[in-house]
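Working notes for the structure below.
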Amino acid sequence: MIDKRKNDHIFLAASPESQIGDSWLDEVVLVHRALPELDLDDVDTRTTFLGREISMPFIIGAMTGGTELAEKINARLAKAAEELGVPMYVGSQRVGIVKPEARRSFEVVKANAPTVPKIANLGAPQISRLPDDQLLRWAEEAVNMIDAAALAVHLNPAQEVFQPEGEPYFKNVLDRLRFLKRSLRVPLIVKEVGNGISKEVAGLLNGVADIIDVAGAGGTSFVVIEGLRAKEARPELYELAQEFKGWGIPTAAAICEAKAAFKGPVIASGGIRNGLDGAKALGLGADYFSASQPLLKAALDDKVAQAISRMLKELRIAMFLTGAAKVQDLRKAPKVF
Amino acid sequence: MIDKRKNDHIFLAASPESQIGDSWLDEVVLVHRALPELDLDDVDTRTTFLGREISMPFIIGAMTGGTELAEKINARLAKAAEELGVPMYVGSQRVGIVKPEARRSFEVVKANAPTVPKIANLGAPQISRLPDDQLLRWAEEAVNMIDAAALAVHLNPAQEVFQPEGEPYFKNVLDRLRFLKRSLRVPLIVKEVGNGISKEVAGLLNGVADIIDVAGAGGTSFVVIEGLRAKEARPELYELAQEFKGWGIPTAAAICEAKAAFKGPVIASGGIRNGLDGAKALGLGADYFSASQPLLKAALDDKVAQAISRMLKELRIAMFLTGAAKVQDLRKAPKVF
Amino acid sequence: MIDKRKNDHIFLAASPESQIGDSWLDEVVLVHRALPELDLDDVDTRTTFLGREISMPFIIGAMTGGTELAEKINARLAKAAEELGVPMYVGSQRVGIVKPEARRSFEVVKANAPTVPKIANLGAPQISRLPDDQLLRWAEEAVNMIDAAALAVHLNPAQEVFQPEGEPYFKNVLDRLRFLKRSLRVPLIVKEVGNGISKEVAGLLNGVADIIDVAGAGGTSFVVIEGLRAKEARPELYELAQEFKGWGIPTAAAICEAKAAFKGPVIASGGIRNGLDGAKALGLGADYFSASQPLLKAALDDKVAQAISRMLKELRIAMFLTGAAKVQDLRKAPKVF
Amino acid sequence: MIDKRKNDHIFLAASPESQIGDSWLDEVVLVHRALPELDLDDVDTRTTFLGREISMPFIIGAMTGGTELAEKINARLAKAAEELGVPMYVGSQRVGIVKPEARRSFEVVKANAPTVPKIANLGAPQISRLPDDQLLRWAEEAVNMIDAAALAVHLNPAQEVFQPEGEPYFKNVLDRLRFLKRSLRVPLIVKEVGNGISKEVAGLLNGVADIIDVAGAGGTSFVVIEGLRAKEARPELYELAQEFKGWGIPTAAAICEAKAAFKGPVIASGGIRNGLDGAKALGLGADYFSASQPLLKAALDDKVAQAISRMLKELRIAMFLTGAAKVQDLRKAPKVF
């Protein structure tokens, strides 16, 4: 069952059908600087993440685990992450905790990416009803499984509503996050999965999350994906999902809302498809950017390193053409909307 | 004659041709709340209407009566209203007053929906020239015919202009409404039929109507319907109607205008096609929402309960995803336009 | 030669090719009034023009004269004007002054419309170089030829530029207008021909013109018409005209500019195609509205009275639906843009 | 090699594929003046450039040199420049400096346009690493080669990034420009090549450049041209260029930014395709306007004089219809955006 769901997620996410809406990043324009006062080779994209140097402010998005295909994808993502010096998330690890035989599909990440920062992953509904001790055990298992530098908890209420086997349980989530923040030895990241984090939610997360990842609308839509999964067996769920397929905060708006309300670092994601999108996100104030679907497609083609290299080149060019020698200079680059 | 007109109205209203314009509800966006802090099951859509509890702030729109087909539709609507615990309007009752044999088509509503609040209905032009005693007699007959909890008077000047047998008489309407307000033992609702109520009119109705129903543009258009009815016999009337087919205040605008100027409860209607539209209307400040055409189509298919259930599910989801545990919380949910 | 030009103007103006751009009247929305507090029959469209009562604030636009076809058109327009009680312009009368045999094509207007106000017409470039005495003689001849209640002088610099036989002479025009204002026994109207009057020009005309007619862009375009006339013999003129086909002030903007800067009555024209457009123009503050091309087409079909009657009906409906009992009430009706 | 590149540039630039984006000049509207108070013949387009009278404020854009085809084009451009009394730029002269046999392709300009102001041309990346003495020698050679009245240095960072043989070296450019300003006996012009000059860069150039040429986005795109050149041999470069094809500041925006920040004269260019575009640019505050691609196409057809004459006629008409007797009056003409 979980196997089938995970693989469905992968194939539907890789298809253009699941990519909808508008991240609003096309409306953000970085202003050309005719006189960059530097050579292209002077552009330095390096920065640090969780205390370690990385080659650019980019993180491979949270995707998968739990199946054979997931294992292969995770291994490929991890190899490229290590080769190019970028951090990576894994997908939700509940399956790895409750099904020991699924663990290997996550452990390959540790094996193939020993030095870059890795991020463990759990879902908010799945932890919302766990008592303190069990929650801490789950969190520690998830972290240890991949030798993670941080734990991410994803908030996905829209996905849970339209998922045939969904668990739309969000009572106590804030309380459980506060407990994790107090008890965990690694930093806590709170993320969405494609519907975005508003300024109200970002504000609530101050003092609770160390980092937030907005995962806004405009790229992979789990409302659409779960709707498509339900289409045959539960057509009325598919139709409900259709009404809500535009639901969510466009990524560019979510970045601005999150930066305005949250005091820590913000990761931009959701429909970021190239390094120019990434540069715009950084220009809007994000500290890092992340992408999932393009790397999923690259992993299926065994071309992850090429995809990340191209992302890096595009970021370098955008920095050069705005006269940004260092990543943080992008924030000062003039922009128009 | 009236028979033919009523049935024409039904078939033309059920066809997509009669659905035109834009309610502007698509421009209203409820902001996603990644952290609802409640379970989907915690969402409570119940509220009260005219002192009675109803299962959601939704009212079946005013439609029909007077013919055999109308009787069947009214019976189906009433059954579903009773089953699901929502109020319902009936269509204009003049025919039931002046033609005793037409009464049954309204009385089925009382028979099939004994407990939910029912709303009687008369047209402003038809009452504008009635002296006090006759007006009171008509109003009481209308109320008694369906055991109504309120009487609605509809304002439909645009429809009367383009209706081949139209009665564009709106002099004294305000005076007649004041008389009804003073003399009637049930509350008075004043509604449009698809061209909307402006802030000027909403202001005039303070102290006159207990509740107003904006019935704005963006759904069923009676300018279009009457134009189509005239097409063969009076082509010049059809052409005049074409020039005016965009006439009217989009529902989202009408809600804002009405709430700004009217002190009592406001019902949103006109082009509301699902529970997400309804949630947006409530988010804009409406107290209830109503729909006609989608329920007419459902009644013709004998699927009214399904249509209302789906409306309810969509409302619940929109409430969950904005973190609204109760209906009135929607009003505080952040929105963007 | 003039014969051919006049007839070319008629046939090109009647074709949809000559109708371009956007009057912006579609952006002006009169707000529906659900409670008009009057019957449709109470609407009174009558007003006065040049001291005489007319049946609605509408004027048949300035068009033609000088040829046999023009004579027929003028006769038909005049008959309908008289029948329906609306004023009318004639086309430029120079030809009638310099060619005695052309006079009849204007005199039919006097014969067929003895009582309604008629407006004589001369072109600014044609009078710009006339000395005082000759100018006065021309003006008086034009007025007497049709027993005119006013003389209109048209400003048409864009037309003259692209007209193969054009006379782009606008030096001294203001001086010649001042002389006419001083010397003429009838009021002076200054009008454009489809490119609009700006607030700067409207301001200059204070104290010079008694009335101005904005004749804005969005209907008949003489830049296009003259370009099409030049197409074969002078293709480079046709191409120049193509570059400038969007030139001009949209009628809705011109009305606002003219009302803001000019102290006397303002006639709205240019792309007004029905009584709803007319109502919008009056709503924006115009005192009268006028149309040319639709009446030209009606005249060619011998259906002028029908066209004017429909215009009147549309105006009445727009007044009813905004609760305007009298023409000047339209100005107070709420509008949105 | 350089031969091939130069000819590729010519053929790709002449094709519509290389013309992309939007100069925003279509959004700028010059307001029609119904009463110009002048005759078309009174319009005077003459002005001065670098101290010499020219027939209109127009400059033939910087294009080519170095090949046989370039020589032919330069000769044709020069002949027309001389015939019609307008200044002209030449293309980058490095090739003429380092390859003596290429010199003739520039010298034809001096031979065919002895009296009008000519502008020499060098690229910023090519001079960024030259020591003082060599830089001065290059600049003097470039000026002498065509008897130039000014030297233009072009800033083209986006082109260099996507050019297969590109030199993205912009460190020290400002310093080298300052040296030229101090040492050169002719005025210094700094220009872009189609991505525009922002207010930040315009501000930096105060006291450094005598004149700036914004060369904004909306016409010829060298990002596109270099991408197309790379398509076969380096497909990944072509794809990178595709991501950036919208990069750059639209010309109308660049004019406003440059005028706001730069104290000297500003040349408007980038997508200016006729004299009406030119008039709009002057209306926005530019002192001169320039076009390249339309003249390149005209040169290939041997119709340069006709193209410039048409540009002149369009400018005259725009001046007449805004009541501008002299070029500087355009700046006071009302405009809307």
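By written order: A, B, C and D. Residues from 1 in each chain.
To be clear about the criterion, a residue touches a chain if its C-beta (ideal position, glycine included) is under 8 Å from a C-beta of that chain, and two chains touch if they have at least 3 such contacts.
Just so we're clear, the structure is a prediction, and the values are computed from it rather than from any experiment.
In this assembly, the chain whose C-alpha centre lies farthest from chain C is A. Chain B and chain C have CA centres that are 45 Å apart. Multi-chain contact residues of chain A (touching two or more other chains) are absent. If you sketch which chains touch which, the chains form one closed loop in which each chain touches exactly two neighbours. Within the complex formed with chain D, the chain A residues making contact are 31-42, 274-276, 310, 313-314, 317, 320-321, 334. Here chain D touches chain A in the complex through residues 124, 155, 157-158, 160-161, 168-171, 173-174, 192, 195-198, 200-201, 204-205, 217, 236, 239-240, 243-244, 247-249, going by the rule given at the top.
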